[in-house]
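One structure is given below, represented as C-alpha cells, and several questions about it will come after.
Letters A, B, C, D and E name the chains as they come in the text, with residue numbers starting at 1 for each one.
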Amino acid sequence: MTVTYSLNVSKARLLGFAKLLFRWRGSIYKLLYREMAIFCGLYYSLSALYRYVLKESQRTVFEKLALYCEAFTNLIPLSFVLGFYVSIVVSRWWDQFTSLPWPDKPCMLISAYVHGRDERGRLIRRTLARYLSLLSVLSFQAVSTAVKKRFPTLDHVEEAGLMTKEERTVYEEISVVHGKWWIPAQWFTALATRARKEGRIKDDVLLSDLLNELHIFRGNCGMLFSFDWISIPLVYTQVVTLAIYTYFMASVMGRQYLNPDKGYPGYEVDLYIPIFTVLQFFFYMGWLKVAEQLINPFGEDDDDFELNWCLDRNLVISFLIVDEMCQRHPRLVKDQYWD
Amino acid sequence: MTVTYSLNVSKARLLGFAKLLFRWRGSIYKLLYREMAIFCGLYYSLSALYRYVLKESQRTVFEKLALYCEAFTNLIPLSFVLGFYVSIVVSRWWDQFTSLPWPDKPCMLISAYVHGRDERGRLIRRTLARYLSLLSVLSFQAVSTAVKKRFPTLDHVEEAGLMTKEERTVYEEISVVHGKWWIPAQWFTALATRARKEGRIKDDVLLSDLLNELHIFRGNCGMLFSFDWISIPLVYTQVVTLAIYTYFMASVMGRQYLNPDKGYPGYEVDLYIPIFTVLQFFFYMGWLKVAEQLINPFGEDDDDFELNWCLDRNLVISFLIVDEMCQRHPRLVKDQYWD
Amino acid sequence: MTVTYSLNVSKARLLGFAKLLFRWRGSIYKLLYREMAIFCGLYYSLSALYRYVLKESQRTVFEKLALYCEAFTNLIPLSFVLGFYVSIVVSRWWDQFTSLPWPDKPCMLISAYVHGRDERGRLIRRTLARYLSLLSVLSFQAVSTAVKKRFPTLDHVEEAGLMTKEERTVYEEISVVHGKWWIPAQWFTALATRARKEGRIKDDVLLSDLLNELHIFRGNCGMLFSFDWISIPLVYTQVVTLAIYTYFMASVMGRQYLNPDKGYPGYEVDLYIPIFTVLQFFFYMGWLKVAEQLINPFGEDDDDFELNWCLDRNLVISFLIVDEMCQRHPRLVKDQYWD
Amino acid sequence: MTVTYSLNVSKARLLGFAKLLFRWRGSIYKLLYREMAIFCGLYYSLSALYRYVLKESQRTVFEKLALYCEAFTNLIPLSFVLGFYVSIVVSRWWDQFTSLPWPDKPCMLISAYVHGRDERGRLIRRTLARYLSLLSVLSFQAVSTAVKKRFPTLDHVEEAGLMTKEERTVYEEISVVHGKWWIPAQWFTALATRARKEGRIKDDVLLSDLLNELHIFRGNCGMLFSFDWISIPLVYTQVVTLAIYTYFMASVMGRQYLNPDKGYPGYEVDLYIPIFTVLQFFFYMGWLKVAEQLINPFGEDDDDFELNWCLDRNLVISFLIVDEMCQRHPRLVKDQYWD
Amino acid sequence: MTVTYSLNVSKARLLGFAKLLFRWRGSIYKLLYREMAIFCGLYYSLSALYRYVLKESQRTVFEKLALYCEAFTNLIPLSFVLGFYVSIVVSRWWDQFTSLPWPDKPCMLISAYVHGRDERGRLIRRTLARYLSLLSVLSFQAVSTAVKKRFPTLDHVEEAGLMTKEERTVYEEISVVHGKWWIPAQWFTALATRARKEGRIKDDVLLSDLLNELHIFRGNCGMLFSFDWISIPLVYTQVVTLAIYTYFMASVMGRQYLNPDKGYPGYEVDLYIPIFTVLQFFFYMGWLKVAEQLINPFGEDDDDFELNWCLDRNLVISFLIVDEMCQRHPRLVKDQYWD
C-alpha cells in the first residue's frame, strides 16, 4: 500500500521534513542500500588497490585515470535530464491513480434507477454491480502482477464469485484474438437494455445516464490498460539510466583518494569515508529510484497502489449499495435547526 | 486561514513586492526563525572552536575540512531539484483547493427541483442539504487535523446537528471494514428517488441532474481523501530534504572564517556575520518551506485552508438556500433601462 | 486595459520583436524606471564615496567588500527560481482570464427558452439577465480595486440600475456572516422555476439546461473570488523577492569601479556607466515585474483586465439579447449559392 | 499554410532530423538571413576598424572593451529565460489551433434534427449553416490580417455570399459600441427556436443539443478573439528580446579577433570567419524566432494557419452537409462479413 | 508495435532500470549505432591525420583548432534546449495516443439503442458500425505510412470489406477539393436519423446520445489528422538539430588526442578510445532520438502505434458487439454472496 505521511507534515514546523528522514518503509535507504553496498565495495577495492597493490609507476597511471574520470563527471547534466524525466513519470503516476475505476457512482445510479423490490429486481441490480467488478478484475489482471498472482486463471475468478459458471462458458465461447476484458461491459449494456424494456428503468434518459456511467468505468479500465501497454519510450529510460550509471562509474574512480603529497587540486584531504560522494550517490540515485518506483504503480513496491485491496473493497461496497441499502434511507425527522 | 495579499499588489508599483517582505504572518521569517537559530548556533560554535580552542595543527585540519566542505556545496544542484519538486507540490496544492466541495449548486438545484411547500417538502429538502454537509464532515475528518480535533467522534457530529440519532444508529449498523464516509451519498440517492416517486420531482431528467450534482460533490470529497491518502512518494521528499540538509551541513563548515593570512581564495574577509550565507539559507530553506507548507494544505499552517470554516459556512448557506429562500425571489418590477 | 501587440508581430520579419522595444505603455521601462533611478543613485553614491571620500586604507576594505559581494552574486540561481515562479504566475493569470464570466450564452438561452411576448415575458427575461450582471458586480467588488472604487456601496449598485430598491431590501434582510454575493443566483433559480411553472419554459430539460448555464456563470464568479482569496503562498513570493533584492544589493557594491591599477580580475576597465549591470538589472527586475504585474490581473496596471468595461459591456449586450433581439432574426431569403 | 514534415520523419533513421536542415520554406535560414547579414556586417566593420584603422593605443582600449563584453555574455542566462518563454508561446500556439471552430458537428446535427424536405426546410438549414460561417468570418476579421485583407468591409462579406442584404441592414441597425461579431449566434438561436415551434425540430432535447453545439462554435470564435486581445504581457516579451539583443551586441564586440600575440586567453586563433559565434547566433536567435513565428499564428508566416482556407472549406462543406447530403445515405446492402 | 517493459520494472529492485540497458528492440543502440559508426570513423580519421600525416607546424594549427572547438562545446546549453523540446514532443506523443478513436462505446450504444432483431435491424446496426471503421481507415490513410501502404487506394478499402461498391460510387461522386474522410460520419448521421424515424431508436435523447458518441469518434480522427498536419514548427526542430550536430562536429575535433607533452590542460591522457566522448554522444544523441522516434508515432519505428492492428481489432470487435452479442447476456443466476 502507499506510504502516507500527510498527517506528519500537516504543519510546517521546526525541521518538519527532516523527521521524514528517519523512516524505513518506502524510504530512500530501503530502496538504495543494495546499490550503495555495491558502490562502496567497488570504491574500497579500488582504494585498496591504489594504496597497497600498485607500484609507483602504476599509481601515476591510476592518478591520471582518476583525474580524467573526475573531469568527465562534469560533462553530463544529470540533474537536467533527471528533472525532466521524473516530471513525466510523476505526472503519469498521478494520472494512473486518477484513472482507477470506482464503482460508487454507477452502483448508486443502479440502485436509484433500476426499480423492483422483487427477487428479479435484486438479481438484475446485483448482476449489474457484479459485472463492474468482473470488468475491473479482467483488466487489472493485465496491469498488475499482484492481481495476476491472485487470479492467475479464470478458475480463480469464478471461485471468487465474480463470475458464474454460465458466464464463464459464454465468455470462453467468444473467440477473438484480441483482448476480451471488455465483454462484461457489453453484458451490462444488454442487461440494462433489458431492464428498460421490462419497465424497471422508467425513462430512456436514465438508461442513457447509466450507460454513460458504465463507459466512464470501462474507459478507466482501458486507460489503466493503456498506461501499462504504452510505456515511456524505452530509449528515454535508457538514456537516463545510462547517464546515471556512467556518472557513478566515472565517479567511483574519480573521487578516489590520491596521494595528497602530489598536490592534485581537490585531492588534498584523505577522508577514508568519501562522505560527500556517498551523499551525492543518495541524491542522484534516489532521484532515479523515484522514477523506478513510480513507473509501474501497480507493482509490489511499498508505495504502489494495491489493486487487490481495491477489488475487495469495490465488490463489498457495490453489493451493499445496490442491494442492502437500495432505496433505503433513515426515517426523516426534523433537524435541530428546524425553525 | 490563508494569507491574502492580492490587494496589496494590485498595481505593479515602486518596490511592489518589496513591501511584502515586512510581513510576519505566513512569512518566511516566521517559518524559518527556529531553523535559522540552530544554524547560527552551530556556525558560531564552530567559529569559536576555531578561533579560541584549537591548536595550530588542529586548525590546519579544520581548514582542510572547511575547504573540502565548501567544494562539496557546488556538487548538488539544489535549485534544480527544488524547482521541479516545488512545482509538483504547488500544482497539487491548487488541485486540492479546486477539489473543495461546495454545496451551492446542488442546494440551488434541490430548491428548484424538489417541489412542495408543505412540511414534508421542507423536510426532504432540508435533509438532502444536510446529507451534503454530513458527507463532507465525514470525509474531512480523515483529511484535516483541525476537523478531527473538532469532531473527534460521531457524538460530536450528532451534537452539531449534522446527523440525527436515528441516522447514527443506521450508520453504525452498516458493517464494512472499508471507509464508510460515502454512506450519506447513498441516503441522498434513496431520498431523491423517493421524492421522484412521490412526484415532488417532476421529471426523470431532473432527478438525473440532481444525482449528477451529488456525485460531483461526493467525487470532490473523495478527491480530497485521495490527495491525503496518496502522498507524493516518500522517497522524492526524502531526496529533496536530504539534499538541502546536507548542503547546509556542509555549508556551516565550509563558510567558516579562516585565518585570512593563510590566503585561501574566497576567505579573505573576516565578516563576523556571514551575511550572504544567511541569505542563502533563507533562500533555499525558504523554498523548501514552501513545499512543507503546501504539501498538506488542510493542516494548521497560517496559509492552510480552514475546513472548519467551510463546514460552518456550507451548513448555514445550504439551509438558507433550500428552505428560507426556496423558490422565492423579489417581486418583479421594471428595471430602469426598460424602453 | 491590456496592451495588445499581436498585429505588430503577425509576421516574423526582420527585427520583429525588436520593434516592441520602443513602446512605453505597459513596457519594462515604465515599470522599472523608478527602481532603476534608485539603483543608479545608490551606485553612484558608493562610487563617489570610493573615488573622492575614502582614504587609502578604507579603500582597501571597500575593495575587499566589493570582491566579496561580487562572489556572492554567483551563489543564488536567480534565473531558476524566477523561471519556475513566473511560470506559476503566468498560468494563474491566464486561468483567471478564462474564468471571466460572460453572459452571452446564458442570455441567448434565456431568449430561446423563456417564451411569451407579453410584458410579463419581457420582465422575466430582463430580470433573469439582470441577475447575471448583479451576480458579477457583487463578486467583482471583492476582486477588483477598480470595481470597488466605482461601486463602493450597494447604493451605487442600485443607482446603476443593477438592483431594484425591492431587491436591495430583500438582499439586506438576509443575514449571514459569510459572503452574500451568490444570492442573485438563487433568485435566478427561483425565477426560472416560476417561469417553468407558468409554462413559459416548455420542458424540464430546458430548465435544467438554463440552470446549468447559470451555474457555470456563478462558478466563474466564484473562481475569480477564489483566485483573489487564495494567493500564491506568501512565502514563495518572499523567497523570490528576497533573492532578487539581495542580489542587486550585492551587485550595487560588487560591480563598483575599483582602481584598475590594483589588478583585481574583472575590474580592469573604468566604464563610468556600468552598462551591463544596468542591462542585467533590466533583465532580472523586469522578469520579476512580469510576476508583479500579473499576480493580480484585476488591478490598475496597464496590462490588467478592465472589469468595469466588462460589466458595462455585459449589461448592454445581455439586455439586447434577451429583449430587443429576442427570437427575432432577419427574414429568410435564398443565399447566392442556392442550387 | 503550415509546414508539414511528419512524413519525412515517420521513422527514426540515420540522420533523421539532419535531413530537415536542408529545407528553405519555414526554415531558420529563411527567418534569420537578414539578421545574420546585419550581424556579420557589424562584426566585420568592427574587425576592419581594429585591424586597419586604430592606432596601437586605441587598440588597447578596443581590446579591453572586447574582454569586458565577452565577460558580460556569461552573465545573462539566455537559455533559461528562452526555455520558459518559448514554452508559454508554444502552448498558446497549440491552444489557438485547437480553438479553431469547425462547423462539421453542428452542421451534421442541423441535418439530422431539422426536418422537412420542402423549400422552407432547406432554407432554414442552409441559413443556420451560413450563420456559422458568418459568425466565424466576423470574428476572424479581428484576429487575422489575411482575413482582414480579404474582407476589409461588410461589403466584401456580403459580396462573398456570407450575408444577405437584409441581414446586413439588420446588423448595421444594431447600435452597440462593443463588438458585434456574436450577432449571428443570436440569429441562429432565434431561427432554431422558430424551427422548434414549427415542429421541424421534434423535441426540446434536440433544440438544446443544437444550441449547445452553436455555443461551442461561438465559444471557439471568442477564444481566438481573446488570444488576440490578451497578448502575452508586453513586458515579458521585452525582457526576452532585450536579453537576446544585448547578448549579441556584447557578443559582436566580445568575439572579435584580437592580436594573438597579446596572449589574451581564448583569443589565440585568428579565424577570419567566427564560425561558432555564427552558429550560436543561429541557435539563440532561431529559438527566439520560434516564439516570433508562433506568437501570432494567424499572420502570414510560412508556418501560420490559413484562416481564409478554413473559411472557404467550412462554407463549402457546411452547405454540402446540410443540403445535398442531408439525411441521405447509400442504399443498405449486406457487408461481406455477413454471417 | 510499442515496446512494453512495465512488467520488468513492476518492482524497484536492485539495479532495476539497469537491466533495461540490455535490450535491443527499440533501444538506444539500435537507433544510434549508425550515427555512432560515422562519428567514430570521423574521429579516428582525424586522429590518424594528426598522429601520422601532419608535420609539426601543421600539428600546432591542428592543436589550436582542437582547443578552439573544445572551448565552443561549452557555449551551447544543449541540455536545456533538449529538455524543453523533448517535453513538448513527449506530451504531443501521449496526446496522440489518447486521441486514438476506439469504437467500443459507440458500438455498445448502437447495440443498446437500435432495436429490431429482424434482418433490417441487423443491417442498420452493422452498417453503422462499419461506418465507424470506414471513417477511421479514411483518416488514418493520411496519418500513417503503414496504413497508406496497406490501403493505397479506395480499391483496397473496398476489397477489405470496409466499403461497399455502392458507397464507393456515392463517395466518389461527391466533389469537393477539400478532404472527404468525414463523409462516413454524415452517412452515420443520416442512417441513425432514419432509424429514429422508423422507431427503431425509441427516443430523441438516445439519438442525440448516439450522435454525440459518433462525433467524439470523428473528433478523435480529426485530431490525429491535425497532429499530422500541424507539425511542431520546423524552425524549432531545426534549432535543436543544428545545436546537436554542431556540438558533435566541434566535439569530434575538440576531444582529439593531442600530444600530452605539450601540456594542454585536459589533454594529459592518451586514451585511444575516447570512452567518455562516446558516452556523451550516446547521451545527447539518444535524447534527440527520443524526439525523433516520438515526433511521428504512427510511422514504422519499433515504438510506434500500429494503426493497422487497431483497424483490424476495431472491425472485428465492432461487428461482434453490434451483431453477435447484441442485447444478449448470460442467463441471470444468483451469485454466491446472495444473502
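Assume a contact is a pair of C-beta atoms (placed from the backbone, for glycine too) under 8 Å apart; a residue touches a chain by one contact, two chains touch by 3 or more.
For clarity, every value in this text was computed on a predicted model and none was experimentally measured.
Peer 1: If you apply the touch rule, which chains end up adjacent to both subunit B and subunit D?
Peer 2: C
Peer 1: Which is it for copies subunit B and subunit C: same residues on both faces, with over half shared, or different residues?
Peer 2: Shared-number fraction below one half, so different.
Peer 1: Just give me the whole-number Å value for how far the CA centre of subunit A lies from that of subunit D.
Peer 2: Centre separation, subunit A to subunit D: 39 Å.
Peer 1: Between subunit C and subunit D, what distance separates the C-alpha centroids? Give it in angstrom.
Peer 2: Distance between chain centres, rounded to whole Å: 24 Å.
Peer 1: Could you list which residues of subunit C touch at least two other chains?
Peer 2: Correct list: 31, 80, 83, 87, 205, 289, 293.
Peer 1: Quick one: do these chains touch in a line, a ring, a star, all-to-all (complete), or other?
Peer 2: Graph shape here is a ring: one loop, exactly two partners per chain.
Peer 1: Chain sequence round the ring, subunit D first and subunit E second?
Peer 2: Starting at subunit D and heading to subunit E first, the ring runs D, E, A, B, C.
Peer 1: Would you mind writing out the residues of subunit E in touch with subunit D in their complex?
Peer 2: 31, 34-35, 64-65, 67-68, 71-72, 75-77, 80-81, 83-84, 87-88, 120, 123-124, 126-127, 130, 144-145, 161, 164, 166-167, 169-170, 174, 176, 178, 182-183, 185-187, 189-194, 204-205, 207-208, 211-212, 215, 218-219, 222, 226, 228-231, 233-243, 245-246, 250, 288-289, 291-293, 295-296, 298-301, 319
Peer 1: Where on subunit E does subunit A make contact in their complex?
Peer 2: Contacts found on subunit E: 2-7, 9-12, 14-18, 20-21, 23, 26-28, 31, 79-80, 83, 86-87, 90, 93-94, 97-98, 102, 104-105, 108-109, 111-112, 202-203, 205-206, 209, 266, 268-269, 271, 276, 279-280, 282-283, 286-287, 289-290, 293-294, 303, 305, 313, 316-317, 320-321, 324-338.
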